[in-house]
Amino acid sequence: MSEFLQSLIRGLGTGSIYALLALGFVIIYKSTRVISFAQPAFMLAGAVLVSYLAAEVGFFVAVPVAAVLIAVLALGVERTVLRPMIGKPVFVVAIITIGVDVVVRVVTNAFIGLDVRQVGDPWGLDTVALLGVEVQERYLVMFLTTAVVVAVLFAFFRFSRVGLAMRAVAYDQEVAMAQGISVGSVFALSWAIAGGLAALAGVFVATGAGVDQQLWIIALKALPAIILGGLDSLGGAVAGGLAVGVVESLVGTYQGDVAPWLGPNFALVAPYALMLVVLLVRPYGLFGSKEVERL
Amino acid sequence: RGGDGAAPAEGKGGVKVDFGVTSEACPQTGHSDRGCIYLGSISDLTEGPFKTLAVPITDAQKAFWKRVNDQGGIGGYDVDVTSYVKDNKYNPQIHNQVYQEIKGKILALAQTLGSPTTAAILPDLENTQMVSVPASWTSLWGHEEVVLESGTNYCLESMNSVDYAVEKLGVKSVMAVHLPGDYGDDAAAGAKIAAEKRGATFSSVVTQTGQDNQGGAIDAIVSGKPDLVILTTGPTDAAVIIGQTAARGYKGKFIGTSPTWNPGLLKSPAAPAIKALYFQSAPWKAWATDTPGHKAMRDALPSVTPNDGYTAGWVWSYPLKAALEKAVANKDLTRAGLLNAVRQLDKVDYEGMLPSGAGKFSGSPNDGVVRQSLIYKPDDAAPTGVTLVEDFFVGSTAKDYKFEKPCYQ
Amino acid sequence: MNVLEVEDVALAFSGVKAVDGVSFTVGAGELFAIIGPNGAGKTSIFNVLSGVYRPQQGSVRFQGQEILGMRPHRIAALGVARTFQNIELFAHLTVVDNLMLGRHNHMRYGALSAFAWLGRAKREELANRQAVEDVIDFLELEQWRRLPVGLLPYGVQKRVELGRALAMEPRVLLLDEPVAGMNVEETEDMARFVLDVRDELGIAMVMVEHDMGLVMELADRVMVLDFGKPIRTGTPAEVQRDPDVVRAYLGEQHKTVGGAA
Amino acid sequence: MKGLKGRPELYTSYAQDMAFLNTRPKRAWTGALVVFALLMPFAVTDDLLMLLATGFVAAIGAIGLNIVTGYAGQVSLGHAFFLAIGAYTGAALSGDPDGRVLGFGITSLPVWLLASGLVAALFGVIVAPLAVRLRGLYLAIVTLGLVFLGEHVFREWDSLTGGPGVGRPAAVPEVFGVRLDRPSEFFTGPQQLYLLMFVLLVIFGVLARNLVRSRIGRAFAAVRDRDLAAAVIGVDLTKYKVLAFAISSFYAGVAGALLFVVNGFFDPGSFNLLLSVQYIAMVLIGGAGTISGAVMGALFITLLPRITRELPAVLPFISTDATGVITVFQVEAVLYGLLIVVFLIVEPRGLFGIWVRVRNYWRTWPFSY
Amino acid sequence: MTGVILFASPTPTPEAPVLEANNLEVVYDDVMLVLRGVSLRIPEGRIVALLGANGAGKTTLLRAFSGLLDVHDGKVTRGSVTLDGNPIHRSSPARIAGLGVKQALEGRRILAELTVEENLRIGGHARPRALKQNLERMYELFPRLKERRRQSAGYLSGGEQQMLSIGRALMSEPRYLLLDEPSLGLAPLMVQQIRDLIVKINEQGTTVLLVEQNATMALSIADHGYVLETGKVVMDKPAVALLADEDVREFYLGLRAEGTTSSFRDVKHYKRRKRWLS
């Protein structure tokens, strides 16, 4: 039982990282219909930035500063690379974001250097006892931070006109413009938020062992998460992210005993298997909105 | 056109040459009176998983051959290792492509990094008699004539590690946690042989690189509770595994191979666990050691952050230098001539960096293979983060082991 | 014999009754019009006829065969063709290709034959191309032939859509607002084509349209729908005098139209 | 038509209009290209030939992806998976029966090539029902899931794949008892492989071109542009989506089996997200929905790394030093990304778009506005 | 609100509230010249009708007013668009909408995945304060939309979508409303209601530019009318004058010279000829 609980909590912890990442993807998707493959690079850049800043100003200052700086970086990318592509086919734009990812990542790599870099977080691998199980503090922090971020985002989209405007922009940019919505600002805003979220997620990923050049790969975990949750649903991103984390963790804990023939490391692809099954039943994920069509 | 059928020609000083040797001077060495031997390097320089090792390896080789040139070159030739350096991104296909690009212009490969990548060009290396220096320590190379391996391999190194742990740490159960492929599998194979010989229980877990991919390995260690884990992963993987298992109450020991280590880990949250539980095995001594070879290396690389990638790149270069010298002495600096020279190498002068007797390429693999390795442990004060605990030794398993085929296929 | 027999069809979307107990028949060569306020369920009836919507109750017989529950492409293959309220052409394809798609079910050759482009594939393509050219002739589309339809003027696109439906050689043709958004000139052209289709090809037609001039002049019979229910079916003259129809649909300011009727 | 230069071609029959190469310039261009390609082996070095041969194979794969994505509109990020199926089928069938990994010793290229295509097509048919249910990016990412699941299987199944970090030899290119990868009396291995791949590309290109102008190709386009309307005019959506996946996967299987022949060796890590993305990029950069675009895109993407490797040499301000803060290799990697970005921003319709532009320019010359 | 109102002065002072196109030339994709020097005035408080065949450039002109040419790769290459004398053809659509110029796009352009109410709220983006009140107003105008308020707009019938599109345009209480074929696909009764609605909002202070194929309806409420043919203004007259014009009667109203409606059955028996093109 405590094995199960521990596994579950670990899953929720890493799941909350995936949720942050997934939120970034979803926010960009909601306003542009594009999956931005540049998110992994922003995540890596965020973690690297904190590893430099933390030494100067301390972790708790470094994180928000880095999030803002990465948001600005994302803004810059949006401005120079994505803005000219407004109205162009989304798959072309998606490939462009891959190009951006390569560029940002290679440049960031140059700053990682040979040694693994540390972000200087105060939690390390310390644990606390919670409900009788040992839980790593950093997982608690991740979970709580994600909860706060999600709450803020929800409130923002609920109480500002921006949320609806984003969706309008996503579905029909010309219509949105005609209503007086500035498509450019909406794009910029979504890229900036997504960049900030990616940076935050990057820091959390790095708290365990540090930043190396492979860190970005984790961002791909957001893909099954957003599909599970539904591409355009913020709530879905959170649910999907947590589900991916938990599935990964539980499969890792039990599959070796239950179904060893699936091979070690099946846990890593289990989210994709789950995604396949869920999509067969719900073609738009758990909370995604259905494409509306009639003749 | 196409093809590459350069006919042997007469080079400087009556030496027979074909590929990658010119009587014009090297573009960068500034010795206009000498000819030039071009060597290629194919390494993981930007995006691949071994970049952090590959870059210092490549740098060290550059420094090594510069020193050779400064000391008078090789029989009237300078050696150029900078004109044909290529990035393989640790991808076999790219590796082959860039190899094809440069192969007509070089005499030998000063570096071919990685095993699947090198495997992609191995038939071609054999067909064209292209002598090459690997950047990996797998036991397969001991059986490939054209590949000049230095020091012991993962397999024998891990045997020694298990022997050491059984003797000095009283270990009774061993688990190999490793990346798939020649690197991890080779080490696991060695660990298994030693564990069985020593009557310890053995188990093996394959893991994949990436910090978030270590859950399975961590679960396996925590639930299996082996006394010793032989770790062959990348550095951050290792940090995650050691840190998390320790956090979950694991108290056994870890011994990792050289690519598993990075001094940066001592600053990670896992550092306390690492200091308490981790040992590092090595095929040769660390950066700061006091041998003529080490000293020459440090002099040649005055302003770098110490890293044992440099040491590796430097050590690996000695046999090629010896072979070139022998080939020039034989007046045959063709590819065939160079391979012939390799076949005549009884020993290589590693300037003290490897035990004497190392570098025997003339006999059978079982004769030539180096069996000594060392054990280090983490130490904040040491330049590359580790300090010696056991000097060159050969465990009883490795000593008796008949090295007749690669440990892992 | 009736080409189409619709009996007591009812269709609801989560509570909204789009079609509510609709019955009608269309005779051979007849031009039957359906009119009614916006959202009355006219297009929904078309969608039922062509298999896009599954009604909760009722029956639809086409040439005596029950087609309710069949998938759209099966119904199309039987000979039910239609045009759409919002043009549904394949914008990137040329006029010829759009019309050739109309002949999709008149060709039978499969993928292997297509790869080789020999024998059967080639023969069938040529024969059907000829048929398409006939339609192009009939609708005077020559000058647009090789242009992607997305580039054509709105009125021409509507005509191409009619052409695609005709290329299917249907037994019954469903026209959803064929002249909406057209100017006077284009409306006249379209009216002429519709008449030609009836007179020269003898295809039965069901037409939904808000242009009362057109409906009153062309239709043989008219059914008026309101909130999914038929409120009156009869000749154009009868229908436009019906007070219910005037109240629900035409409006008091409406002048009786259609001198010929 | 004498003396009517510049006038649009006149057709005297529909057959002529519908012919494979229906205009004179098209025939002339195609002829010239083929001759040029056939002369290539006598003009360039082996390493370039190998690269071009790889490009031709990639082109076959890209044509396949273009069929399902560019023509039938089903965006698939799963192409790497189907390439892998083909690669392993071909390699296993033709592999050494006594070797380290699975092999059946059937070295005849036509046999294993066809088998690779068919096995991949079979998987395509199995996967296709997903496409019937899913749309747009959902389909794209779910097919991406296939790549991850496939990668897992290929890593684990090391008796077939050799395992990651080890790999296995690729399929053996033997045609009528002759090993084409080994030098013969007249040609080097790369020259032979180049010609082989070129011939295969021409064959598969022509077949695909025929397909897309047939009723099947039109049905694909209809499904892509508006599937509801397609159904109402008589196109069986399920059937054509399945068919599109099957044909596309067949091409992928063929390409996969050939892809590593030039290289001789491959690793299960090769079939990853990146590979799928590269194929999508080929289709988009070439111009979705055209066969020649797919070929151009494939050659572009295959040659791009080589181009970026050559570029620093001509850009004097970049040091060619292998080490340092920003190395020439990082510059190469950045250039690779940048070229793709800049290219697509400047010409979102791809290489084919550029070609159309050039053609239109000359067609209306000297009256270009 | 019918009747003729002739413009008091043909060249008003630049500060007079008016939306104007001055000798406007518009090119698409750098090659397609679509407007060839169009001048058109929409003085505040009026209803101006714009007639023209398909492809004449009516929608293009509206786009030039609302700043939406960019989206279609269109450019103003000569002339200007001015609002109260200030040039706006280089301003962003968002800014122009902020100034109170609003185009109801051709073809309904409903956001299918959003609900009916969300579509309306998007329409009120530029006027967040009066949102509630405007919503109520629209529901009053179109009870049908109120019934369907929570439904995805894409499932509405064609005519319902048309209502939604008009309602969305009205949500921001624009100063200048540019309507592109509002009666398309509407039932006769509904056309009358839309007509009355236009008159009503005009009385409440909204200036309207009305593009219509239904010329009868448009000219019956407009003060002034323009006829556009292949990118040029060929007629520019008070609405009553247009109604009396022979060509307009034949080509836009479908009336024979004698004043009777022509029958579709003998369309092919007479030849159309546009006198103004001679």
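Which chain is which? They are A, B, C, D and E, in the order written, and residues in each are numbered from 1.
Just so we're on the same page, contacts are C-beta pairs under 8 Å (C-beta built on N, C-alpha and C of every residue); 3 or more make two chains touch, one makes a residue touch a chain.
From a predicted model like this one, the values you see are computed outputs, not experimental measurements.
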item: Lowest number of touching-chain links that must be crossed from chain A to chain C; value: 1
item: Relative to chain C, chain with the most remote C-alpha centre; value: B
item: Chain whose mean Cα position lies farthest from chain E; value: B
item: Mean-CA-position distance for chain D and chain A (Å); value: 32
item: Whole-Å gap separating chain B and chain E, where each centre is the average of the chain's CA atoms; value: 76
item: Whole-Å gap separating chain A and chain E, where each centre is the average of the chain's CA atoms; value: 45
item: Per-residue overlap in chain D, given as positions that touch at least 2 other chains; value: 155, 228-229, 232, 330, 333
item: Residues within chain C bordering two or more other chains; value: 43, 52, 84-86, 88
item: For chain A, residues contacting two or more additional chains; value: 106, 109, 264-265, 268, 291, 293-295
item: Contact set on chain D toward chain B in their complex; value: 41-47, 49-51, 54, 100, 155, 158, 163-167, 183, 188, 190-191, 260, 263-267, 269-270, 305-306, 309, 320-323, 327, 329-330, 332-333
item: Interfacial residue positions of chain C with respect to chain A in the complex; value: 43, 46-47, 52, 84-86, 88
item: Residues of chain E that touch chain C when the two form their complex; value: 53-55, 107, 144, 148, 151, 155-160, 162-163, 181, 184-192, 213, 215, 251-254, 260-265, 267-268, 272
item: Contact footprint of chain A on chain D as seen in their complex; value: 75, 130, 133-138, 141-142, 144-145, 148-149, 151-153, 155-156, 228-229, 232, 273, 277, 280-281, 284-285, 288, 325-326, 330, 333-334, 336-341, 344-345, 348
item: Of chain C, residues touching chain E in the complex; value: 13, 16, 35-40, 42-44, 85-86, 153-155, 177, 180-189, 191-192, 195, 210, 212-214, 217-218, 248-251, 253-254, 257, 259-260
